[in-house]
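Sending over a structure as structure tokens; questions will come in a sec.
Going by the order they are written in, the chains are A, B, C, D and E; count residues from 1 in each one.
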Amino acid sequence: MITTWTTLLPPAIVLSSLLPGLLIFSLREDQTRLRIGLNLFAVILKLGLVGLMLRGVGQGLEFRFALPFLPGGDLVLHGDATSLQFVSLSAVLWLATTVYAIGYLQDSPLQSRFFGYFSLCVSATVGLALAGNLVTFLLFYELLTLATFPLLVHRGTKKALKAGRIYLAHTLGGGALLLMGVALLHSLTGSPEFQAGGYVELLADAHQPSLMVAFALMIAGLGVKAALIPLHGWLPEAMVAPAPVSALLHAVAVVKAGAFGIIRVVYDVYGVDQVQALGLAMPLLAVAAATIIYGSLKALQQQELKKRLAYSTVSQVSYITLGVALVGPIAGVAALAHLVHQGLMKVTLFYCAGNFAETLGIHHIQEMNGVGRRMPLTMAAFTLGALGMIGIPPTAGFISKWYLGLGALEVGQDWILLILVVSGLLNAAYFLPLIYRGWFCGPPRQWPDERSLGSGLPGAGETHWMLLAPVLFTTVLALLAGLLAGSEVSPLAWSQLIINRQFGL
Amino acid sequence: MSAALLSLTIPLATAMLLLLFRTRAGTVVIVANTASLVAAMLALDAVMTGAREQLSLGNWDAPLGIRFELGPLTAVLLVFTALIHLLVTIYAQASRHSKTRDTDFWPLSCLLHASLAALWLSRDLFNWYITLELLGLTAVAMIIISGPRSHLPALRYLLLSLAASLCYLLGVAFLYGRYGVLDIRMLAEVVVDDPGTRLAMLLLTLGLMLKAALWPLHQWLPAAHAAAPTAVSALLSALVVKGPLFILWMVWSTLAEPGFARQAGVLFAFAGIAALVSGGWAALRTPWLKVLVAYSTVAQLGYALLALGLLLYWQDPEMSIALWLFVLAHGLAKVSMFLGAGEMQATLGSRRVSALKGASQTMPLAMFAFAVAGGSLIGLPPSGGFIAKWVLLQPLLVEPSHWPWALGVLLGTLASAGYVFRVVTIAFNRADPSSPGHDPDTAAQWLAMLPALIVWAMALLSEPLILWFQEVGL
Amino acid sequence: MSHISLYLLGGVALWVLGLHALMTQRNALRRIMAVNVMGSGTFMVMVALAARMTPIDPVLQALVVTGLVVAASATAFALRLATTESPVADVDRERE
Amino acid sequence: MNAELLFDAALILLLLALAAATLHTRKLYTAIVLFIVFGLMLALTWARLGAVDLALAEAAIGAGLIGVMLLAAFGRSGPEAATRAPPAVLAASVLLCSLLLVLFAQGVWPLANNSAPVPELVNSHLAASGVSHPVTAVLLNFRAWDTLLELVVLLLALLGVRQLHSPNMNLPAAWPLLQAWSRLLAPLSIVIGGYLLWRGSHAPGGAFQAGAVLAAGAIVLRLAGLLPPLRWNWWPMRACVLGGVALFMTIAAAGYWLGSGWLDYPPGLGKTLITLIEIAATVSIAVSLSLLVVGDTREITP
Amino acid sequence: MSALLWLLVPGAPLLAVGLLWRWPKVVGPWLWLSCVPALLLSLWPPGQTLEPGVFWPGAAWGANDLIGRAWLAFSALLWACASRFALDDLVNSRHRLRFWVCWLLSLSGNLLLVIAQDAGSFYVGFSLMGLAAYGLIVHLPGPAPRQAGRIYLQLTLLSEMLIFAGLLLRIHEAGGSLELAAWQQVPVEPVTAVILLLGFGLKAGFWPLHVWLPLAHPAAPAGASAVLSGAMIKAGILGLWRFLPVEDPLLQGAATILLAVGAISAFYGVLLGLLQDKSKAALAYSSISQIGYLLIILSLAWMHPGSGAAMATLLALYGVHHGLAKGALFMGAGLAANHRLSTAHWLLMGLPAMALAGLPLTSGAAVKVLLKDTLYSSDVSQWLALLTAGSAATALLLLRALWLMWRSQPAGPRPAPPIGQLLPWGILCLFPALLPWLWPELRTALFASLPIKVIWSGLWPLLLAAALALAMHRIGWRIPKPLRTLPNPARAWSLRVKRVLQRAPVPSMTPELERARWRYYERQWNHLWHTGAVTTSAWIIALLLLLGWLS
């Protein structure tokens, strides 16, 4: 193997958070400065490396790293446009979430453990994004499960443990299904690298049932993390985790891993033509549509802020699946763009929920009355995020919905439009009351559990600056992603690029 | 071959010396194990570069004398045995909580090492009987090091071990009575499929299954393995049960006629799935930490049994590779798991699973070792367990008609995930962490983790190993 | 019908008797004796097989000698193990 | 011929009856006594089947040593808990076992008339083995590896017993008659043992039998209180125990690295080496067995 | 370069938001300036269209056609006046900041949708305006604004989602083109047309989609009501005009129905309005009525392919006319509710009111004449009588509204209205008279209405209405009791929807476990194996031997 910097960059990106993570594990609790320093160093380093790779891919360089692992399936890390979309999202949100987590976890115990696993989690996510074939993907997919679990149960309460158990029951089950699917496919073709248009075409005639079963298994496995019904049960429970974890979990790390996997399977393993030919798109589409509606309905029932957000994730992530299942170029663009859009918006929402909980002790939606007066910036961010979720222009969510709808019409699935409309209405039904409470209801005489973070005055000092800055950062990004969707650097434009390659446009 | 014999004699001689001088110096054993490991590696190297080697003991050829054979598998198993012994003895020497420091653990472990080496090398049915007895007696002797509490399970183990040996011996007698040879290769040449042979095979199988604690004859194992001192539990689960398994595999893969093998294979495979499920379930429900780990051995042996069954059922040599990869991965992982569990149990002062509350804070390393080893047992990539499962799954998935078996593997995976994460979850309970009785022993915890790390690193070596096995056969 | 067959039958009968005792008896000493009876049965089969031809098969006889020693050693060990009084009461005994 | 067959049948039935009685009689003491009788009858059976080596070994061990150990164990064990299997279970087990017996009978029946190629081979190579008794040749030359491991098994049993840390055996006060007899028996056992050992090279007998007889003598002396406690931590004792294996192994290894092969005796030296091994093994076996039965496990920590 | 000026139109209010956040005290009085760029650009458009490619794909901003410019101008003017007007009402409000942020966002959205040349921008502006207006409606405390706000929001969202669907369908029909001008050449599918009519109808508020309007408009502060009724509901009409092709066989076929809907709306609004006893409610119903006229104009346009340009002019004229007049009236209602007004004020107030009814010499007369001409020359000239009747009805309603205003004046001495409110109100009030002179198209129409016969035909319905009103006043007519408390099904439905949504009936997907029973089974099972390892294993061996042999 010739080792040049293009070969080493993918593993370097993975290691840039893995190694600091391992170092952080070994730190004592009181080495706060060193820990923060390591964290931020790793974040910046990763961002730099990702930037380098973005430039490289833009210039048409190829980044590929391989190690022997299984007969017929090497360990391949490969930086292509699709993976970069996800890697960039992870790196950027990791930056925000690290700052947020440092602020959030001040003075709480077991920080070394937390940040250690936190870094591992990101490494797994990035590895998953860079995975060049199914076997590698599977590897990082499972690692992600493992790295996330300690974060989820970080609080160690009974509730957290219950959530952890449910999480594991779902994700490990899903992992096993995915393993079966991958192994099944591997037994037929080996695990060649992902390629636009898929690589199963030659098998289509001889092994049709096998291919269908493998697809079903893989989608079921990935669907657990992507929270497709009826496999979504873990996600609402997982909201007991600390806010930065929920944010990361819902925005980029876990649910996106599932969605990203579905994208990979449909586009780069089977290829849209084969998915169509095998008749696999329609069931997936139906499940995604059902999930969108069901998640929204469930969200309506929730009285706990984070739980409502969690069910909203169930619904929103399925937009990605929906877009993929439509197997049309425009819907594909929507799916890929929504991958980023939903991440930005949902991370904002969870940050905000965390800020409310940390600063004022707000957990239930009834307690949100008048919070806009006390914490206007956070509430404004929350509002923007929520409007984006509903799909109100010009937020990022609107762009996704727009392209989804157009994509559905393009392939003749007009009924998807109805789903989008109903989902939009339901989203509004569960988000607008929150916004109403925040801005238009009177604040209570005393907040449930107010803590003195920041100056306590509305505005820049409404909470600790490390909690506020990431919120504003991601809000601005979410807003810009929608507002400047037509620009060269927007997620939409990048998605368009990927899809053009996929569909040979 | 000389390296292999060296790997056998070094521990034997060490045991003699230790007994003679009544020293209980772990260092000596560690040095001996290292030497044995080096010798085993030389043997492996020789096999890799050359071919399989034969040795007729006393220069008496097979029907008269006993034959040793050094093939790829034997060489790998020699290395494996020496490696596990080395890891465990280092732990036993370093850990403050190991109850084995000033005991006869050291000579006994050397004898165990030698017995296993003798077993791997031998290809003679009766000689195997003696090595089996050696294994059984060493195991029992080592179990009772931990004190009177272990006597009852040890006695049960001993009795069943004896009964199993006699079962095996009766089978050997029948075979000898029928064919007049004891060497497995010569037997394979003359064996025919008739009722007498089948009966003999049945007796052999049952004896070996009992010794290897294969479902449904596993009942002695949990109590016995759990009662032993930590280091011993590790050796027992990692190595001792694998000896009879080796013989079982050898007997069936060389002696059984395809028709008979197909019949038996189905039964083996079903037993394997039953072991996976029932062992996993029992591990999930038991309140005792080490019993949990022991039941996990029962469950994991189910994989081996399944692989054996399918090997016989389809006559697919690929399955042998899967079987032995399972054994290797399970051995290493189980060592780590037992050592981690033992450390935690000793430090936290309770044998209950529920005592592990907060162990992820109080004993992060040991818990991590447990979890990492558990990951391999579950078969999470890129661990050795994953590789083994992968190799097992590949032939299972090619044909749609084979898929139901894959369901068994799936069940096993889920069951093992269940019990591993049952422990891990409790360890993350921060509600009321059990305060450790005395301060944890960091070095020992690192040593507990070492085998688990090795099993995960195994993934990187596995591809050449698998390809080599596929090329030359086992 | 030769005497060899008789002894072979007797051997397996002893083996089955031993197994039967293992199935029904709970006392440790009886179980040890049962295992010994099983062993005797096995050895009887082997010795009978050795005696079925002339000259008598020395290999089988040697095997029995070896087996006998092994069985005897194990029995001795088992007997001591079974009857060592445990000074510590079994406080929390594992479930079987 | 018929009478012989009748005798055989009677012997077998007697054995079976004894075995059944041993295993199922109500009183444990009776059972043990019956077991000793069973051992003796078994020795008779071996003799009837032409296995004199075995008959000797059985008499010495099966009836003798094990009998002593059983009685000692009976002394140590408490009263037997009256746990009898329920009749239904008993009936089921009997049924199952009779079915099994039928099965085995079918299995063994054809074996009676088979023949094996090995005896011929043994005979043809007997000369090269260095001994003239075929059983000894097999034990100490053709399948010497088995015998080596067998010695290790014995050692292991001893080691196992040592792990029990049981308190010193409470020997009853010596019985005067036993003391008197033992003074006579002990030298006799040495003589018999020596004879058996010497004889082993060309006729039934050998290290194991000799060792067993020697051990029996030692045990009797110890029971009579005429020997000091046999202690593991007395180094010559250990040396004796380990000697057999050690010598055997040394020869095996030396054969491999200096000579022509593992356990391959150099031509001409076969007899000498076998004799050496036999002596060492005899001592080893005798000491091991004595330690097993009457050994003092109390340790004096150095 | 000059195209970049379009950025200022929606940008200025947004900029104002930022400034307001930083210096609330200083910026407040000058917020009306944020409408100035729009006003200036509507008068002197740069001519080029801005295509801000960095925004959502296809974005194009400009106002080069008559309707766009007219709409932009009157919206900007109305918003500017209302901004200044609202300032004094809000001096003491605790939620000032919130109100102004919503105000400015709404303004920005409104201006954006007017200058949008592509569907995306239109929708962006439309949504922004609609949602932000919620903050204006619920600004005042109390249950009525809250309820009104809820129903407004529910229907606004429904309308936005419908428009979203319609938008996508239109884009699809147009083969991916987002350009509104291009859509004029693309025939519309029935489903799309229905969806868009419903969606924009909900915003415009013609019968039967008006249900939110009479609740929401009166609930807001006067300035907000003015822009809601004057500017925002026109967005619905503009949307229909922009999204649907003028010449389309389908619409042509359906135009009669729409015409009927418009007519019903025109009279329904008046009838219901007469039953109100609050001036702002009456004015709101008047808006429903007036929107009916706008719909009639739209239907006429669709009915007669080829008349597009003329109809566009008419639409623009009517829109501007109604927007400004209605804005002035709502502001006046606000003034009347808080201050004592002099006779001069009342006379000024009468001007927009009567202009709406078609008072000669005002913009109202001009547009009525135009409308009549159009109707006369159309296929449905028999409907002409309705127009006259409508005129009378409108006059009646507005007279009642004025009377209600007058009656709602607070008793006792009150300060005179502040100049900051009087001035913008006054300007707006004068506009119906000034407009014909400022705007050439309207001027010609006015000239057409100058002949005595025409004046008379415009005047007699008013006189009739005045006489009727006077008569009823004399006889002391009161609204019959059953009519005063008409049930409001919309409000009930809104509440029901809210309740259903709060407790969405979704089955739980987690199955229930009977723990105790399973635990019991497990105990039984464990007990089964309690006999001991040795015995069990021996049994199993025996059994397996037998089974192995038999198999």
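By our rule, a residue touches a chain if its C-beta (ideal position, glycine included) is under 8 Å from a C-beta of that chain, and two chains touch if they have at least 3 such contacts.
Predicted model, so just to flag it, every value in this text is computed and none were measured.
Shared contact partners of subunit B and subunit E, listed by label, are A, C, D. Counting only chains that touch, the fewest steps needed to get from subunit B to subunit C is 1. Relative to the centroid of every protein C-alpha atom shown, the closest chain centre, again from C-alpha atoms, is found for A. Chain centre most remote from that of subunit E: D (centre = mean of CA atoms). Among the pairs B-D and A-B, the greater number of C-beta contacts is found at B-D. Between the CA-based centres of subunit A and subunit C the separation comes to 66 Å, rounded to the whole angstrom. Taking each chain's centre as the mean of its C-alpha atoms, subunit D lies 107 Å from subunit E. The distance from the centre of subunit A to the centre of subunit E, each centre being the mean of the chain's C-alpha atoms, comes to 38 Å.
With centres set at the average Cα position, the gap from subunit C to subunit D is 12 Å.
Multi-chain contact residues of subunit E (touching two or more other chains) are listed as 529, 532-534, 538-539, 541-542, 545, 549.
Contacts with at least two other chains are made by no residue of subunit A.
Residue positions of subunit D with contacts to 2 or more other chains are 93, 96-97, 100, 103-104, 107-108, 111, 114-116, 118, 122, 142-143, 146, 150, 153, 156-157, 160, 164. Going by the touch rule set out above, the chain pairs that meet are A-B, A-E, B-C, B-D, B-E, C-D, C-E, D-E. The touching residues of subunit E, when paired with subunit B in their complex, are 522, 529, 532-534, 536-538, 540-541, 544-545, 548-549, 551. Contacts from subunit E toward subunit D in the complex involve residues 539, 542-543, 545-546, 549. Those residues of subunit D whose C-beta lies close enough to touch subunit C in the complex are 4-5, 8-9, 12, 15-16, 19-20, 22-24, 28, 31-32, 35, 38, 42, 45-46, 49-51, 53-54, 57-58, 61-62, 65-66, 69-70, 72-74, 76-77, 80-81, 83, 85, 89-90, 93-94, 96-97, 100-101, 104-105, 107-109, 111-116, 118-119, 122-123, 134-135, 137-139, 142-143, 146-147, 150, 153-154, 156-158, 160-161, 164, 166, 206, 208, 285, 289, 292-293.
Note for the complex: subunit B touches subunit A at residues 358, 360-361, 364, 371, 375, 378-382, 387, 389-390, 393-398, 400, 403, 406, 409-410, 413-414, 417, 421, 424-426, 428-431, 459-460, 462-464, 466-467, 470.
Within the complex formed with subunit E, the subunit D residues making contact are 93, 96-97, 99-100, 103.
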